[in-house]
Amino acid sequence: MSSISLSGVSKFWGDTVGVKDLSLDIKDKEFLVLLGPSGCGKTTTMRMVAGLEKPSTGTIRIGERDVTDLDPRERDVAMVFQNYSLYPQMTVAQNIGFPLRARGVKRNEQQERIHSAAKLVELSDYLGRKPAALSGGQRQRVALARAIVRSPAAFLMDEPLSNLDARLRISMRGLIKRLHREVGTSTIYVTHDQLEAMTLADRVVVMRNGEVEQIGTPKEIYNDPRTAFVAGFVGSPSCNLLDGKIVNGVFSNEGISLAAHLKPDRAKATLGIRPEAISLADGAEAELHGTVFAIEMTGDATLVTVSVGDQQLIAKLDADCTLEPAHTVSLKTGRRRYFFDGETGLAI
Amino acid sequence: MSARTTYLLLFLPALAMLALALYPFVQGVLTAFSDRKLYYDTSSFIGFQNFIALFADDEFHDSILRTLAFTAGVVFVQIPLGLGIALLLLRQSWIQPILRSTLVLPLLIPPVVAGLMWKTMMQPQSGIVNWLLSNVGIPPQTWLSHVDTALLSVILIDTWVFTPFAALILLAGLQSIPPELDEAARVDGAGALLVFRAIQLPWIVPFIVLVALFRVTDSLKSFELFYATTRGGPLNATRTMHIMAYEEAFRWSSVGKAMAVVFVLWLMSYFISMFLMTKWQRRSGVHHEYG
Amino acid sequence: MKLDHLQILKSGSWISAFAGAALLGASTAAVSQEFDWKQQEGSSVNVLLVSHQFVEALKPLVPEFEEMTGISVSLDVLAEQAAFEKLLADLSSQVGSVDVFMTSPLNNWQYATANWLEPLDEFIGDPALTHPDYDVGDFFQGVLNSNRWTRVPMQGIGEGPLWALPINSESYLMAYRPSVFKELGLEVPKTYDELLAIADKLDTGSAEFGLITRFDKYWDLPYLTFGTMLQSYGVEMIDADGNLQICSDASVQATDDFVTLIKTASPEGAGAFTWYEALQGFASGQYALSLNEADLFAPVYQDAEQSEVSDDVGYAPTPLGPDGTRKAGAWIWSMSMNAASKNKEAAWLFLSWVTSKDTMIATHLAGNMNPVRASAWENHEVAAMVNRWGETPGQYSDVTATMAEVAAVRFPPHPELTRMLDRWAQAVQEVYFNGSDTRTALCEAQDDVEKMFN
Amino acid sequence: MNTVKLTRNAAHALAQVLFIGFFVFPIIWIFMMSLKNFRDIISYPPKFLFSPTLQNYRETIQGAEGTLRAGELPEYVRFLLNSLIISGGAVCLAVLLGIPAAYALARGGLPWRKHIAFTFLSFRFAPELMVILPMYLIYTQIGLYDTYVGMILSHQLICLPLVIWIMMSFFQDVPIEIEEAARIDGASILLTLRAVILPISGPGIASAMIIAFIFSWNNLIFGLVLAGPNTRPVTMGILQAMTFDQIKWGLMAAAAMVSAVPGMIAATYLQRHITRGLTMGAVR
């Protein structure tokens, strides 16, 4: 078990940029999630850590060792793939035991470790089966067991849950969380699902176009997005982003006028408001004015889409809200609102 | 040991094999530039003279044309026929497994033997083929023994020997079509003909090119069937390039000239198959969206 | 009565074809009493043979030789074409993996030019290596001497070193179906004119087709079957003055007549008939006449197991030419020794054993037709076997005897001869298939052949 | 509607009859020939009814009477064994050399990959005549002539390109992630190949082997020139039915029938693989 550090790592394929000048430290026993939309470079980053891709520049260390030029098998990391990547011709036990076999572990020690790994992922009854005879969730558990069986320096997980259905995903999430707590190995986890990131991570790295947007605990990422992109990507429903300008400490646009205390003037600015921070207002409290565009019931709340000027925003209101489309509404925002520079996207 | 080194090491034995094959190959090419006659001890380098003489020789032009005509005939008969057979075998029925195992049989008769057997079956006066035809009222044909029909007859024999090969590849191609594609088309109301034209045919284009690649290269250098049936005759009606080279070398001991002929033949094969290869690689892109 | 053959054969034109035949009998006289067959014990000999009745006859005898000499013999038997291809590969590589092989004068002119053949005279002359009973004078000298050549192109045949020893000979004759001729009320033709006159009637009886003959695109045509016709028309490839005769008037006449015959009396496809079609066609009973075919097809025709005509076949000499002459081609199967052989003494022991009187007779009795040794013809068992053949007893024997008188190799020794004759054959095929003008086609061939001499 | 269906079924039936007629009849005819004596074979009109004889098979397998030497295997049996050794050995060697090479070509990221692969394939279409005489010379000089080793080596010209080409396609079809998983699991390239890739491509290997075997088995020219009496393969054995003046059709047919047996067994047993192998892995 050890820390992992990337410094100045880039990956190019010709003119295409995969990852640009990335520096990152994963502490020992930390669960780090790389979060971002597809093509943001998160998977590439992880593959470079695994050794499946060679960085164009920069160095990668695992513990004290510089592993930049090492083969995957010399790096002592374990990886769980999105599509499981089980060996189809081997039984579950053989699949789990393969890393041990590759390292020349003694036969009876292999058996012992296979059984304890299988027990951890609750697969003890399936050891004799071939992968083709397993369900998706079971296959993913085999892949997990294959990763933990040899106590590697780090776990790498590449969207391991994305092929599972919603319910299974939740229970597997719990399993992964529990495994990490029990085994305590440093883990890099790649996902595009912000909820997975928020629930699993010690720290989240939000990436975009091959660069880091923000690194922080889930709380920091949610509460203090460093950029408009992060604000928009994290949270569900996602954060409303409204265009406008700041003049004399007031953010305004058609139908919008609200105080932006102490913020400098900007000809172009973006306002971020989380839907859950919006509530109905009347009179002087009102900061936004618009008409109801659409209404969706989710059971515990009502999502109301409101047209404000030529923009739209979503408000998460009480379940017993009685609004109808085409009603005019006035809204107020709580304190959880963010201002971003309209050009750079950075928080002001 | 780095991955690159490992791969190179894996590659080495086959490379050694290649070198082993390369030596006689290079010897052969060198001979093409000499005036070597087997029954003289000495031979000298004469540059491109063999080639110049060949290209000035009408018989060589004819043999190139014959070789190409044979190859074209083989490809244009065997691919549609093989495709037809593959479609026939695709249909589910009780007889299908039987048909499919009989399809392999011609591949198991060595071509040289198949050639001899067909020659006797096609014998105009005593062969079974003309006898069978006469029973259904078709007049006897001259088959291999007349200048007008000999090349066509060899193509026919080649078709018997190698169409199964084409049909098996094309059958595999048809079977590789994802069923949902076919089903979707049928749900959309497409008839068998439209399914074939719009779904099956485009899908198996890479397979067709693959068959063409194999059949073209093998037909260009086809030797054993000619050797067993006509040896280039009657007259010069089936004298392909490989047969011409064979006559020069083994009948007349003019190895230099023979090697020049096969060298030209090899170049033709090389460039034609290179052309087909690039076609194949481009066309197989079709599959990637499903891959 | 069988002695007649012997004399005719011995004094026949085999000899006259090759002037200056040298007799070698003298050397065999002075010989030590005890010949040591075991002198090469432990060595081995590789023999390359053409699949032929001779080989079938020889095979069972080989163990005797091995036992007698302690030499192990490896027989490699291949189909004719394959054997010559293989032989060429081996001889040209000069590594000597074949020690002894079957060949013919025509092939040997190429091999001798290349120094691939071992001259045999010294072996024959060495009493330590040749058994006293060998008696080289017992061979028909014309046949034997066709294997001598000085290696100067175009001349010197019958002179110079001996490159091979003959094992059998082949000439040409006509085979016919007596019942068909009787039915049609026709006489078996004695001249090509007579044959031409009845050509269109031959297929009007119970025979489906008129005549069959070998007619493919290679040198065999002007050398063997059609060659026999050409020579009876007075055509030889090169005349006494050394001029090519390929498109002489006589040659044009012979070619025209030949093509007319085929077009009239042979079925379509005749232009591609090899020995295989010729033998099989006549044996199947579909033809009235087989023209200028090999005399050693008779054993097949006579065998009821193999032939539909075993009780309905007669033999006649090949037709006479326009001025009443008859000449015929000849094929002489012989055996030679590879100059690159590493076991020449052992090879010679085998070669001399195969061509010895006793072995030759044993092979003839087992079906090796047309002896080349006088002693074999004198053997009564051999004579009795062939005497039964034909429409009337003795017919086959008489015909072969007649043909032996006129059979000869009448071609100039030259390494490129196969290519020249192939070119000639092509011209005849052009006349048949393309209807080319005979003289033009032949003269073009002659021009091409002329160039090959240089 | 019904008539349409009827016509279509009739068309299919007709197509099947033609198919059988063209592809199967010659085989049946050859088989019948193998049961006839020479006279029945050459007789015209052709005989469909005749009293069958096993003489041709007897002679094929035991050799002509009186030619069998004591303690020696009959000739044709030796040819069969020779071919089994040569073709079997050639295929095994080709697989042994070809699989690592194909794997390196498929996954090694070697520069000029496509060109190297194409060069290998190009040996398939080199006319045999081009190499056969130089090869004979070399073989006789270094003592490979008429040896099993020499024959097996020469058959690499047939087998190796086929094996490499087919196997390459199969290896490319194995999902790359499985291989990556193995590498991360700590397996060396060799272990990955042996324990992961080869078992997955088992059917591909089988079909490559069968196809290479059939092509090797049917080859004539190498056997004609490079094999001597000790290693003569079965194709040359079948041709021994050709004498200088006649072809012993019955013997040839019987020999051809016997020689097809090993291929028939292999092909029937592994027919699914043959189909897949012929497509060189293009079937996904």
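Chains here go by letter, A, B, C and D, matching the order in which they are written, and residues are numbered from 1 within each.
As a convention for this text, contacts are C-beta pairs under 8 Å (C-beta built on N, C-alpha and C of every residue); 3 or more make two chains touch, one makes a residue touch a chain.
In this text, all values refer to a predicted model and were calculated from it rather than measured experimentally.
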Between the pairs B-C and A-D, the one where more C-beta pairs touch: B-C
Reference chain A; chain at largest CA-centroid distance: C
Distance between the centres, which are taken as Cα means, of chain C and chain B, whole angstrom: 39
Inter-chain centre distance, chain A versus chain B - centres from mean C-alpha coordinates, in Å: 57
Intercentroid distance (Cα basis), chain D paired with chain B, Å: 16
Where chain A touches two or more other chains, by residue: 71
Multi-partner residues of chain B (at least 2 other chains): 3, 125-126
Two or more partner chains touched - positions in chain D: 42, 44, 132-133, 188, 239, 242, 247
Touching pairs - complete list by chain label: A-D, B-C, B-D, C-D
Chain C partner contacts - residues on chain D that touch it in the complex: 37-39, 42-44, 64, 66-67, 69, 132-133, 136-137, 140-141, 145-146, 224-225, 228-230, 232, 236, 239-240, 242-247
Residues of chain B touching chain D in the complex: 3-4, 6-8, 10-11, 13-15, 17-18, 20-21, 23-25, 27-29, 31, 84-85, 88, 91, 95, 99-114, 116-118, 120-121, 125-126, 128, 131, 160, 163-165, 168-169, 171-173, 175-176, 206-207, 210, 217-218, 220-221, 223-224, 227, 242, 245-246, 249, 255, 258-259, 262-263, 265-266, 269-270, 273-274, 277, 284, 287, 290-291
Complex interface listing, chain D residues touching chain B: 12, 15-16, 19-20, 22-24, 26-27, 29-30, 33, 42, 44-46, 96-98, 100-101, 103-105, 107-110, 118-135, 138, 153, 156-157, 160, 164, 188-190, 214, 217-221, 235, 238-239, 242, 247, 249, 252-253, 256, 259-260, 263-264, 267-268, 271, 274-276, 278-280, 282-284
Of all residues in chain C, those that touch chain B in their complex: 84-85, 88, 92, 110-111, 113-116, 208-209, 216-218, 267-273, 277, 280-281, 284, 286, 415-416, 418-419, 422, 426, 429-430, 433-434
Complex contact set, residues of chain A against chain D: 50-52, 71-73, 75-79, 81, 83, 85-90, 98-99, 101-103, 146, 150, 156
